[in-house]
Amino acid sequence: MPVVRIELWEGRTLEQKDKLIKEVTHAVVKTLKIEPQHVIVILQEVSKDHWGVGGERSSKKK
Amino acid sequence: MPVVRIELWEGRTLEQKDKLIKEVTHAVVKTLKIEPQHVIVILQEVSKDHWGVGGERSSKKK
Amino acid sequence: MPVVRIELWEGRTLEQKDKLIKEVTHAVVKTLKIEPQHVIVILQEVSKDHWGVGGERSSKKK
Amino acid sequence: MPVVRIELWEGRTLEQKDKLIKEVTHAVVKTLKIEPQHVIVILQEVSKDHWGVGGERSSKKK
Amino acid sequence: MPVVRIELWEGRTLEQKDKLIKEVTHAVVKTLKIEPQHVIVILQEVSKDHWGVGGERSSKKK
Amino acid sequence: MPVVRIELWEGRTLEQKDKLIKEVTHAVVKTLKIEPQHVIVILQEVSKDHWGVGGERSSKKK
C-alpha cells in the first residue's frame, strides 16, 4: 500500500497530471506486483518562487 | 516533541479543522504522555485533482 | 482518505505505538466523519541525534 | 525537477527497488517531458509495525 | 545531494524567501562540503489556520 | 515556528550533523528574525540504495 508523493513545479495541465498519476501508479503496480487500488499518488505543486537550486529560486532563471 | 502532518482533501470548514487539530493533539498527548505544547499539527489540504487512487484522480469519482 | 504522518523520537514500545495509531485514527474518524479504513497513519521514528531544537540536537539535553 | 518520494513496506529486494526507481522515473520523464537527470526518487521503507490502516498496524494482519 | 524542505507560516516577502533559500543552502554547502548545485530547498508555506500547537491553531493566538 | 527537514545520504559523522543542525538553524533565525527555540530541524538519512537520480540508484555510481 505505497504512498507516492510528487513535488513538481506549478503549471502542468490537468491532462498532464492525470497522465502522471496514471503512469506512476502503473509503474508501481507493475514493479511491486500489487493492486492499483492500493497505490496512492499525491501531487504537490510548488511555485518556482519556493523552489531553490544552488541557492537561487528557480523563478529567477530563464 | 512529535510533529504530526495530516494530508486531507480540501473542503473542510475551519471549525472541523479546529476540532481535528484539537482531537489529534489530545490523542497524541494521552498516548505518549507528553505536554500538549510539545505537539505540532500541520494540515495540508490537497485538491482532489492532485490525489489519485488506483491510477485515477479522486475528482473524477462521484 | 487522509494520510497522517507522525514524526516522533525513538524509544516507544510497540504497545504505545499501537495505541497511538488507534487513538489518532479515532480522532480523525470522529472529526471528519469518515470510515476508519480510509485513514492511513505512518509513524516515523527519529533518533534524538537527528532532531534539533534551538540549533542543538536533542540527544545532548538531559 | 520533480522530487518523488515513495513510502513502502519493508521487505523488497534491491532488484525490485532498482526497478521501481527506474520505472517511476521513466513514467515521470515520459509524462512531463523532462530529462531523466532532473528526476529524484527517494524510497522510504516503513516497517509494518509503523503503518496503520483502520486504526490497526499492518503487522497484525495476515 | 540533499533535499531541504522548510515549512513556515505564510506572510514572508519574496526577498525574505530569497534570502532564506540562499542562507540555508550556504549552511548546507559549508557543513557537508558539497557543491551548491546539489542542494535543493523547497519552501512550503502553511496558513496559521492549518498550524496547531498545544491543540490550538496558531491563527487564534495574537 | 518553522520545521526544517533535511534528507541526506547516510554516512555523515555526528559532528557534521551537529554542525548542520546548528548552521541551518542559524540561517533560518537570521533570515526570518525569529527565536532559535522556534526552529526544529529533523535530519532524515537515506541510503544510497534508496536514492535515485536519472532512474538509477546512487549506490551504483562511483
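Going in written order, the chains are labelled A, B, C, D, E and F, and every chain counts its residues from 1.
Everything below uses one rule, namely that a contact is a pair of C-beta atoms (placed from the backbone, for glycine too) under 8 Å apart; a residue touches a chain by one contact, two chains touch by 3 or more.
Treat the numbers as computed from the prediction; the structure is a model and nothing was measured.
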Co-neighbours of chain E and chain D - touch as defined: A, F
Recurring contact interface, reference E-F, options D-E, A-D or A-C [over half identical by residue number]: A-D
Rotation angle (°) superposing Cα atoms of chain A on chain B, nearest 5: 120
Inter-chain centre distance, chain A versus chain E - centres from mean C-alpha coordinates, in Å: 20
Whole-Å separation of chain centres (CA-atom averages), chain B against chain C: 12
Numbers and ranges of chain E residues touching at least 2 other chains: 1, 3, 7, 26, 40, 42, 51, 53
Topology of the chain contact graph, where touching chains are joined (line, ring, star, complete, other): other
Inter-chain touch pairs (all): A-B, A-C, A-D, A-E, B-C, B-E, B-F, C-D, C-F, D-E, D-F, E-F
Residue ranges of chain C touching chain D (in the complex, touch as defined): 14, 17-18, 21-22, 25-26, 29, 36-37, 39-45
Footprint of chain B on chain F - complex, ascending: 1, 3, 40, 42
Residues of chain A that touch chain E when the two form their complex: 7, 46, 49-57
For the chain F and chain E complex, residues of the former touching the latter: 1-9, 12, 16, 19-20, 23-24, 26-28, 30-32, 51, 53, 58
